[in-house]
Structure formats: structure tokens, C-alpha cells
Amino acid sequence: MSETVKKFLYLNRKAPYGTIYAWESLEVVLIGAAFDQEVRLMFLDDGVYQLTTGQDTAGVGMKNFSPTYRTLGDYEVKNIYVDKDSLEARGLTQDDLVAIAWEDWETEEEIENIVEVVDAARVSELMEESDVIFSF
Amino acid sequence: MSETVKKFLYLNRKAPYGTIYAWESLEVVLIGAAFDQEVRLMFLDDGVYQLTTGQDTAGVGMKNFSPTYRTLGDYEVKNIYVDKDSLEARGLTQDDLVAIAWEDWETEEEIENIVEVVDAARVSELMEESDVIFSF
Amino acid sequence: MKFAIQINEGPYQHQASDSAYFFTKAALEQGHEVFRVFFYHDGVNNGTRLTTPPQDDRNIVERWAELADQYKIQSVTKDENGNETVQTELVVCVAAAQRRGIVDEGEAKRNGKDATNIHPKFRISGLGQLVEAAIQADRLVVFGD
Amino acid sequence: MKFAIQINEGPYQHQASDSAYFFTKAALEQGHEVFRVFFYHDGVNNGTRLTTPPQDDRNIVERWAELADQYKIQSVTKDENGNETVQTELVVCVAAAQRRGIVDEGEAKRNGKDATNIHPKFRISGLGQLVEAAIQADRLVVFGD
Amino acid sequence: MSILHTVNKSPFERNSLESCLKFANKDDPVLLFEDGVYAVLKGTSAEKQLEAALAEQSIYVLGPDLAARGFSEDRIIDGIEVVDYAGFVELAANNDKVQAWL
Amino acid sequence: MSILHTVNKSPFERNSLESCLKFANKDDPVLLFEDGVYAVLKGTSAEKQLEAALAEQSIYVLGPDLAARGFSEDRIIDGIEVVDYAGFVELAANNDKVQAWL
């Protein structure tokens, strides 16, 4: 394993279920947690649909993977961003999205919800700050 | 084989080379010619790019299948339609497209170019007139 | 009513095969006939017997095979002596399959391949089977990307 | 410079694998190192040895295998006794491969499959190999739909 | 001859719905399913387009796909009808052909 | 840190280019390839968007993809630069990272 610490940005632009990209992207995040990099997730365009609450896949026979997002705090993911314009174009607000809690096991510092709605300028800045962008 | 004669409409909406749909759609048309149905082809949206002249695939290592369109007249295809608005939005005119000749072997009737540019109302009408729509 | 179904995408990557399955099942449950399910483009990848989806996920390939069994999505032909041959009508396009590596015994022999991967309930056949299905069926319903 | 390549789509249906191939070839010709080519999502279908494309078309799978041979897209590890193991770095994601039916000897044994279809120049491995590639490489370049 | 038009793509990602609504004949029904269901939600940038279409034709949405994506029926534009797979089959049977805007 | 943005989709079919141009930082180069090359042609409904972007950043198009689709370099918007695969590699090497707008 490498000692390098890189800033990873996972950039999610696809809706869930219609295609598998959202789910297999999340699998990379989960596996990637073992590598101790600095990880950020960004949801943009139809990617914002990945975080909606109340997903019920019983009728389409597919696995509901949305509960996994709620556990991301346990995988050392501390920063999750959602693009404001993408939400607005889709008639959504943060209330439609899951809340993801985070706790620092050492300091017991807690954050109730690490999902942050950001504007376009901040999206650009976050892309710029990262070392590697995984795009799904 | 059936005696039924149906009106087939092949509706092509995808650009060539980026994906295989255009090429594998053309393969259905070629095979379908053996079934003596009444066949029409429609090119809509990015599908109009299938008919551009001068395609040269040497640099991308893919097979150039555009010459096949010119032979469609030999496969009993007599009607090929291109949506006018789709051309205009893409800055194209009929001069950018291949001409496809047709000849009736029995009557020696000839048509120099069976590619016809039609308006949206005619597109709708042609869909309505058909018995089966193959969409690619 | 007679339906023909066309599926353009492989399993899992796109929802096409899932949607087609539930549509086909509902049509059969209503007493309609599903004359043929034709797998074209990447759809041919639905015909491999080698998938192992996670235990908590659906098995798309087996689900098609079971549906075809249960509702007899198959055709029966008789030879001169009156012997019946029953064929499954989960049909994989041969040209599309060759490009993508879906292989049965005959294809393996013809193309010098040392293995096959076709599921026993699927069969590989020509593109003419799609055209014929479109002629025979009252409705052709296409599922894709 | 060290490149890592990710390919998300199977051969023929999308241009992704073609574009990735020409990019990789150009990088190698310029003297760059291509550390690993990682096949994810339907990209795993690039790793089958069972394709038979038409004679006038390119063979996408073999082309990757030949490029990997020619430019040694591979890694060398030594065991305690100094014995070297050379591994190809055309890596197919195991989880994605299981869903889609890309199988090697080990997978066939584990999942009770009666055949394999992996091309000998490709290997199946974990998703960690993608993450590791992204860490090790100077650039990760992704090709998809 | 009536056509059932199906759209399975998000109107925010692809042009499928736009093309469908442009070329579908009046009175021809449209069914939104898979990622196409996002078009039926209230308050989106596609809402006006949908409402204009609703004045001329029936629009249906596949309930199981809507539920999978986390949206209840009270989120959808008035006048759009929810169907299940059986309803999808009935729509396909009751119209003369099906055109999929892939 | 500069980013090379790549777009491989037609601007008439998908929203990829639009999103790319919205979020790319000024000065970041954009490479259009595969079906993305249709965006660089003169006289299309996407032309204004491209010209506005050109005022702020470099735009490249992959020549082999353009030729495959039947278009010569005299059809493309002034100021857009044509590169081959080697040029694509150089762009990827000369910027700090690559973002693919799939």
C-alpha cells in the first residue's frame, strides 16, 4: 500500500436504477475507504437523485442500495456535496435527500449531516482542489 | 415464412461510431430485405449523421459502413426520410448527405435519390402509417 | 394477443432487461402470448450461463430461463416423421453474439473456441428471427438504453 | 509519466474501449508508462477470449492483449526466494465480472461454473486495484458512455 | 393507427422526451418509465413541457419505477396517471404499435 | 490545479457538454471526442455556446473522430484546435488531472 495521501473526488452524475453506474460507483467508495485517502463525494446533474429518501425497489426487483449512503460516515467519508442548481432544476430541496451522520471515533466529534448543498462556483473549486476525479 | 406484408419503419436516432446502434440497425434492414415487407427508413435527431458523406474511419480503426447506405436501393428500400429540423439544428443540408439511387429491375424505372427531407408533420404521419416501428 | 420483445442491453448495467422481464411476465399473466424474446446488441449478454450475481441481488439470466420454462416461451416444430422438436424462444442474435463472445457448441466449433457460455434455455440464431417476430407478432416492444 | 486507464463499457457497443486503446497506444509510444488498464462496469466484457468479430472488423480483445504484450503492460513481483512473477495489468474487476459472467479458473471453481471465458492476457482482481492505480498513477483517464 | 410512445430516459440528461413530444401525434399516449419517470415530478424545469403535452394527450408513469426512485404519487403533476406493469401491457395492447424513444 | 475536461457525447443528445462548460474553471481546456465532436461544427444550435466558451478557454477536437464522422477541418468553428491521439495524451499529461463528463 502507498503512503501517498491524495484528494479523491467521486463525481456522480447518473440517476440510480436506470443504470448501474451509481451503485458500482458507491462500491468503489466503500472499497476505497481502506486506502486512507482524503475522500469527497459530489452529486451533480441526475446524480442528485441517488440521495433521495424513501426509495422502495420492491416493485422493480432490484436491490435497494440507498441505505448504504447513510453509512458513508462510517467509511471515513466526511464531505458530501450536492449541486444547488441540479436540485432546483429537478424541483428538489435538501429535505428530499438523506442525512448522513459522521462521528470521529477518537475525539467523539459529531456532525449530524455531512451532506452540503453548494453553488456552482464551489463545485468548480472542489474539482480544482482534488488530485484525482472518479467520474460516474 | 409469412405471407403478411407489413409496413416497417426503421427509426434511427443515434449517431454512427460512438455507439454500434446505427451499424447493427443497418444489419437488420439488410437481413429484413429478404422478407419482402414494405420498408421505410427514417433518420431523426443524431440519426441524420449516419448519412453524411466523406466518412473516413481509418484514424479510429473502425469499419466504415457508410458505403452500405448507398446500396440500400438494391435491397428494395425505396423510401428514406430525413427530418428537416434535425438537419437544421446540426447546421446540415441535404448536400451533406449521401444520395441513394433506386431502380426497378422490371420496369427499369429509376430514381436518382430516394433520400427525402421531410418536416415534423410528415415524420408523425409516417410513424402513424407504419405497422411496426424498429427504433434504434 | 401476440407480443414480440426486443432487448438491446446486457444484464445489470441498464434496466432494460429488468423492465422487459416484468413487462413479459405481466403480459403472460394476462394470458397474452409472448412469441419470442429477441436479444440484440449488448442484449446478447443476457444469454450467458456464467453470471454469479451477489446473493442479495436478482439473477437476471436465470429469471428469464425460469419464465420461459413456466410459460413455455418456446416453439414446436414437427419433422417429416411427426417427431416434435421443442425450441426455446429466448433468441440471441448470432452476429451480435459473435462480436461480444456469446458462444454455443456450434459457434465454438465454427470459430475455433475452446469453451461455450450460452445458457441452455437460450439459443443463438439469425437476425431474421427478429424480422420474422416483428411480422408474426401483433406488437413488437423494444427495451434499450 | 504514469497513466492509469479505466474503461467502463464493453467492446463494440460503445467506442470507449477503442478510444482508450488509441490513447493508451499513443501514451506508450511517447514513452509514458501505462501502469494499469482497469476494466469496470460492462468494461469487463473486454476480457473475454470468446469474441469472433467479422473478418473486416477490428478484434478489440486481441488488440488489447497484443498491446499489453508489446509494451509490457505488466507488473513483476518477487517472492521471498527471489522468484519473479509477471502479471498482466489488464485488470478486470471481480465484482463487475461476476454480475456479467466473465470467469477465470478460480472464479469458476468458487462459483461452480463449468467453463471459463477470460482471455489469458487479462486477469480478474478486486476493485482495490482501481483505487490503488489512482493513487500510484500521475493521471487516471476514464473512458465510458 | 394509434401509437404508445415510451420514454425511459431522464429529461435532464437526454433529448428523448423532447423528441417524443415533438413527433407524437395528438391523442397518442406517452408512458414514462425507468429514468423517464423523473419528468412527471412537480416543480422541475420540465414541468411546463409536460403540462403542455397533457393538454393534448394522455401521459402515464410506471409506478414501480417511481417508487424505486423515492417518489410518492403526490409528487407528480396532476393529470398524469400511474400504472403498473400490467397497465403497461394493456397500453401496449390497446394501441396499434409501440414506439420506444431510446 | 488545471483540469483537462473531456466530453464524448453529442450536445444534441445529452447534457454532458452543457454541464462541462458550466462547471469547468476558466482557462481549463476542453477536449471533444467520439460523438462529442459534433459540437465543434459551424452553424449548429450549439455554436453560440461553444463560441462563448472559446472566449475563456481552449477547446480541442480529436481529428480522427471528426474524420470518421465525415467532417473536414474547414467545417469547424474558428479557434478550435484539432489534435490526434498523441495530442490527447499531451493534453492529459500537461494538465494536472482529467475529468471525463460521461
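Quick notes
Labels for the chains are A, B, C, D, E and F, by order of writing; each one numbers its residues from 1.
Everything below uses one rule, namely that a residue touches a chain if its C-beta (ideal position, glycine included) is under 8 Å from a C-beta of that chain, and two chains touch if they have at least 3 such contacts.
No experiment lies behind these values; they were computed from the predicted model shown.
The set of chains in contact with chain A as well as chain D comprises C, F. Under the touch definition stated at the top, chain A and chain B share these contacting partners: C, D, E, F.
Of all chains, the one whose Cα centroid sits at the greatest distance from that of chain E is D.
The chain with its CA mean position farthest from that of chain C is F. Each chain gets a centre from the mean of its Cα atoms; for chain C and chain E, those two points are 27 Å apart. Distance between chain centres (mean CA atoms), chain C to chain F: 40 Å.
Residue numbers of chain F whose C-beta contacts span two or more other chains: 8, 12-13, 15, 34-35, 64, 84, 97-98, 100, 102.
Within chain C, residues 8, 12-13, 15, 19, 22, 41, 54, 57, 95, 140, 142, 144-145 each touch two or more of the remaining chains. Those residues of chain B in touch with two or more other chains are numbered 17-20, 45, 60, 62, 132-133, 135. Pairs of chains in mutual contact: A-C, A-D, A-E, A-F, B-C, B-D, B-E, B-F, C-D, C-E, D-F, E-F.
Residue ranges of chain A in contact with chain F, taken from their complex: 11, 13, 44-45, 120, 123-124, 127-133, 135-136.
The residues of chain C lying in touch with chain D in their complex are 10-13, 41-42, 45, 48-54, 57, 61, 95, 98-103, 107, 111, 113, 115-117. By the touch criterion stated above, chain B contacts chain C in their complex at residues 1-2, 4, 6, 8, 20-21, 24, 27-28, 31-32, 34-35, 37, 132-135. If you check the complex, the residues on chain F that touch chain D are 8, 33-35, 64, 84-86, 88-90, 92-93, 97-98, 100, 102. Partner chain C is touched in their complex by these residues of chain A: 17-20, 60-63.
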